[in-house]
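Got some structures for you, see below.
Shared between the two complexes below is chain A, which has chain B as its partner in the first and chain C in the second.
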Partner chain A sequence: MIRSFLTLLAALTFWAMPATAQENSGPLRLEITEGVIEPMPFAVPDLVAESAQARDLATRIARVIAADLSGTGLFREIPAEAHIGRITNFDSPVQFADWRAINAQALVTGAVSLDGAGRVVVKFRIHDVFAGQELGRGQQLVGEEDGWRRIAHKVADQVYSRITGEGGYFDSRVVFVSESGPKGERAKRLAIVDYDGANLRYLTDASTIVLAPRFSPTGDRVLYTSYETGFPRIYLLDVADVGRRALPTLDGTMSFAPRFSPDGRTVLYSLTQGGNTDLYTMDIASGASVRLTNAPSIETAPSYSPDGSRIVFESDRSGSPQLYIMEARGGEAQRISFGRGRYGTPVWSPRGDLVAFTKQAEGRFHIGVMRTDGSEERLLTASFLDEGPTWAPNGRVIMFTRETRGEQGEARLYTVDITGRNLRQVPTNGGASDPSWGPLQE
Partner chain B sequence: MPRVNTGQIISGTAHLAVIGWVFFGGVLQSDPPQVEVVEAVAVSSEEYAAIMARQSAPEAAADVDTPEPPEAGEAAPALSSGTDAAPEVNRPEVSDTPPPDARPEAPERPAPAPTDVTDTPPALTAPSEDTAALVPETSLRPQPRPAPRVAPEPVAPSEPDVRVDDVARPEVAPEEGADAVEDQQEATAPEEATTEIVTEAERPETPVPTASVRPRARPTRLAEAEADTETATAPPEPTPPEPTPPDTDRDAVSDALAAALGQDSAPAERRPSGPPLSAGEKDALRVAVQQCWNVGSLSSDALATTVVVAVSMAETGKPEMSSIRMLSHTGGSASAAQQAYEAARRAIIRCGADGFDLPQEKYAQWRDIEMTFNPEKMRIK
Partner chain C sequence: MTYLSKTIILVAGLALAACTNPDRFADGDGSGTGGAGLSGAASDPTSSAYFQQAVGDRVLFAVDQSTLSAQAQSTLDAQAQWLMTNSDYTAVIEGHADEQGTREYNLALGARRANSVRDYLVSRGVADNRLRTVSYGKERPIEICSEEACYTKNRRAVTVLAAGSVS
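Entry: the complex of A and B
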């Protein structure tokens, strides 16, 4: 009787708990849906100097690498004072326990040498400290000694790309309008710097007003607007030799807001003729223009999509400045901005998924992004005057102009992550506005 | 002139007669009521008291019919202060040693093999490492009372799920050529019997180990697994099997569990089992991993990728680094999946460096874990 009772009880128990029986038959399964968003701790000890002449260079390169990574807001450097382990030989095994002890999750090791011909040779490796293994394979870069910063940026780009899965943007440059003098009489000239503000170089003098420089897709040319003739006109400048030429236009017209096509052969711009502003394209080689829009409203600030098939631009055809998208050859435009306020200066992301813009609403200016269909609008910044966004080559960071209020107000360049975090000022020599972020250098 | 008829004459005559009887018959005269005359007698107070006393006392009946006294019968039972005698009941006859039951005949069933039962407790065999016990460490399962019978010869334990019937019935077998379908009847099982009476004091210790041996971690390679399996299944020495005391209840439960799970009851095929992790224990593990799952450095493409990561755990609660691997990924490119997987791997290793807080007694439940890292909530909104 007891056996029968126990048998029945056991059978009923397992009949009532099939799920438990299933769980026992396989591994434990968990779903992790919430994590943390914080900078990844990393360490970049001084590179190993393989010659006495390279000792100073080894330290400076390590500092640039660390600054690049820390500046993204995605990484946090563990200072050298906290390091336990020492890297004295590039090929020696890494004692990961020493780096785990200080909670360094990524470790960059490298070595620097000079080849005797004035060239710098840098070798580096990226390590996943807690996994105790190397990420990818070690690489070696060679460059001129005076170009050591570019070598450091390239190393940082590799580290950034290997850990985040995104392309880097450290070995890139920015062209902008350098401003000096009082607010009512400011001198403006074109300047070019590394993305981090280093290596400033002026491209034009301050004899005339220049506006809205735009890098070519390859970074070797710059389009900009100049008032040299008294009317706004588009110029094409060669970055290497600073040579420039005006693009052909009709007399009595104003051309401005130029932008390169993705292939670099065509200029997309606005032309004001007879009091009406429309969009045009011009073949750079032949100077032939094609009209894209023909409306009584103002159409300006055009920007190509990365594949060159569409154009996003600003138009007040609805009564207030809003954003529209149309085919690259013209035609019917579709409005994508419907929020309260005025939208302008749209720029298509290099990834093609977002459009950055300037928004004025309730007395404040914002830099924001939205999907190309106008959805998921997000405002990243807010201030007295934020305007003129430009994308980093990897589409993760936006640079823009922020101008402060008052007679002593000054324009400066800032960067912000597309998450809205990590707002940083770009160091420039004086005022700066109208940035255009160039591509990664070859 | 009106005519006087006969009726009017008769009526007039009758009225006259009645009137005359009233006046002359004395109907209207009334006689005075007759008055009862009572003679008054003066009495003294003593006489009055005596009269009143006679009126208050009931009058005794002069003649009363008295019942006949009963005839003298049996003497009254003697009273006793002792307790009542217990009522007589039909009690079964008690015999010190019941005669051995005759072995029921079961011609169709094969005779069970005789079993050697010794008086000495069996030697405990060391359980193999992969053996898990269903019996808890502290409490022992109550065992049934031994049957107060001694069989003339050893009898094998009866089959489970049968009952002892009062009447021995042969097992029903279909008769060849029979047209009629007969109802299936349960076969009668032989009663349990033992070859000796073992008191509780003489009962041998239970052979169940007091603590289960932890199963070993999953081998990383199939070849090792097969080798381990062969090693585990091969007997170390060809020793004769030790007789084990019958544990029919446990066998019954085990058989029932195996039947419910659709498995054979062979002990070699039983998986290491134990109580499953509670929801709180799972949540604690999930939270522990989440604390180290840093997606801040992931690309937007990697943040759109869900990866499933498998990891084997040591008994200390630490993940075995060599066992961490990506099982699958969805929603992103292979490159993005690699970044997402590396972030997940860092989370497991970092927060498991000191061992996750997991219950040791449930190691079999968390030895192998599959974690799905879904960054949907962490994406840029």
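Entry: the complex of A and C
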């Protein structure tokens, strides 16, 4: 497969603005708090098509921006039918009264054209309607035509981050396991999609079981476990050309649960020898492994802290699966989970302050978060089987696998805000499990 | 027992085996075991079909456990005896878990189960270079309902025969 993604040429070049340019400190502000919030009303009229061929894109880009913002649960779109004002010229002054009348607090205007080389050129501005001024400066984005969705996501990321003060997450991708076939002999393939389920591409065929992929910190490589040889083994795959290679292993062992270190040079993983599973690291360049734990219990599902100094992992050394934190080089571990039930799949948040996990208690599964000292545990979801959280690049949203019960049971991807609000299914073509949310793209 | 009733029992046995033999997974070359499946007639005591049906190719485990029950040990005693008699076979012991657990933990749990079967067979005299282990975690349930009736059959270790050397 050939890589056909856009290169965002001169991405986010600041676009020279007239005297109305504002500092990034307008009064339009949405604080994301734990309490119930009223979504902020916004309007995204179709972009102004500055060339005839750009007319379709003018609508499609506006729709993706609106879907990104509405999908957060923090914003509510005022539909085009309700609009009074019309944006027909990107540079004409906005008639704010028209947008105040429909109570749009935020207004995104833009223009799109195709340049001589067939590239998409998008200009946009974000307006604080009630203050009657721009929020930050207008910008211009240029990209290949088939990358128009990424341009739309980048605009939405700007809107989101200027209004909330948080980093965005829309221009990101997810690698996951696409599932098909009956429950007893599920076919599994690695697949990659945009965060919103668009642009699905398969990375492996369905000839063997593949499990639990993980993106590299820069999103260009994927670690996963495959039964290609008949035994679980870790593979490293290049996303652009889908070339893959098996990482070195010891004969007669199983290796699985691989994770990249934050610098992308080391793989943290589980190795099972003689029925006992412990944690190891492997230097990707040399293939040399170092043993981190040495206990008769199960040690698996590890995750590095964002600075790479510590590791949170799952162990049943106390008699049931619980979460522990140790130094990245191994050594003594501190237990951090003490609630009733079984804890697994801990994943350190990109901000470093929280650990997301799977909890199993009283016959139900939950996705939850706790502080890294184990305090302030909060369960965000509950169902027959929720597992495997992965963090959005900004640490505000968690994606996970939800599987329904019974013979017809099927796995799907869901997202939930770390406040526990805004549970949504990610559209995928059929069954889907084991998501790994990649970084915000350059 | 008349010849006729013996035949009927044998046919019934084969039919049962056919519907409880999904362990040869249909996903390509993934089994890595040579995929012996059913070979030879179950009436032939040296056949893998006989091993599967008459000896018993699997043992079951309690929730989250890898210890062998008395019943499991008796099945494995018979397996060990058969394997020592039929020394042309090697085996891969597959460990499995029910769906009530996370994916990676269940892989490790299945490995424990497979290994406790392996250790037992070795303790009963089977050469350890004839045995390999693998875990499928919760990836290959034999029964697909979400009830204990199914879970109890999925928490298993299955001794899958292959002809020839393991390594």
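By our rule, the second predicted complex is superposed on the first by the 406 of 442 C-alpha atoms of A that agree within 3 Å, B and C clash if a C-alpha of one lies under 4 Å from a C-alpha of the other, contacts with A are read in each partner's own complex, and residues count from 1 in each chain.
By definition in this document, a residue touches a chain if its C-beta (ideal position, glycine included) is under 8 Å from a C-beta of that chain, and two chains touch if they have at least 3 such contacts.
Please read all numbers here as calculations on a predicted model, not as lab measurements.
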First (chain B), second (chain C), both or neither touched by A:E166: first
Contacts of A:F231 with chain B and chain C, given as first, second, both or neither: second
Which of chain B and chain C A:F75 touches, first, second, both or neither: first
Partner chain in contact with A:L247 - chain B first, chain C second, else both or neither: neither
Chain B versus chain C as contact partner of A:L423, first or second or both or neither: neither
Partner chain in contact with A:A101 - chain B first, chain C second, else both or neither: neither
Which of chain B and chain C A:V121 touches, first, second, both or neither: neither
Contact residues of chain A, present in both the chain B and the chain C interface: none
Footprint of chain A on chain C - complex, ascending: 22, 25-33, 64, 66, 92, 99-105, 107-109, 111-112, 114-116, 118-119, 132-136, 139-146, 167
Chain B partner contacts - residues on chain A that touch it in the complex: 1-4, 6-8, 10-11, 14-15, 20-21, 23-40, 74-75, 100, 105, 128, 130-132, 135, 163-166, 376, 378, 396, 418-419
List of chain B residues in touch with chain A within their complex: 144, 160-161, 163, 248-249, 252-253, 255-257, 259-261, 271, 273, 276-277, 282, 285-286, 289-302, 310, 321, 335-336, 338-339, 342, 344-347, 349-350, 353, 365-378, 380-381
Partner chain C, residues of chain A touching it in the complex: 182-187, 206-209, 211-212, 227-232, 251-252, 254, 256-257, 270, 272, 274-277, 298, 300-301, 314, 316, 320-321, 342, 344-345, 358, 360, 384-385, 387-388, 403, 405-407, 409, 433-434
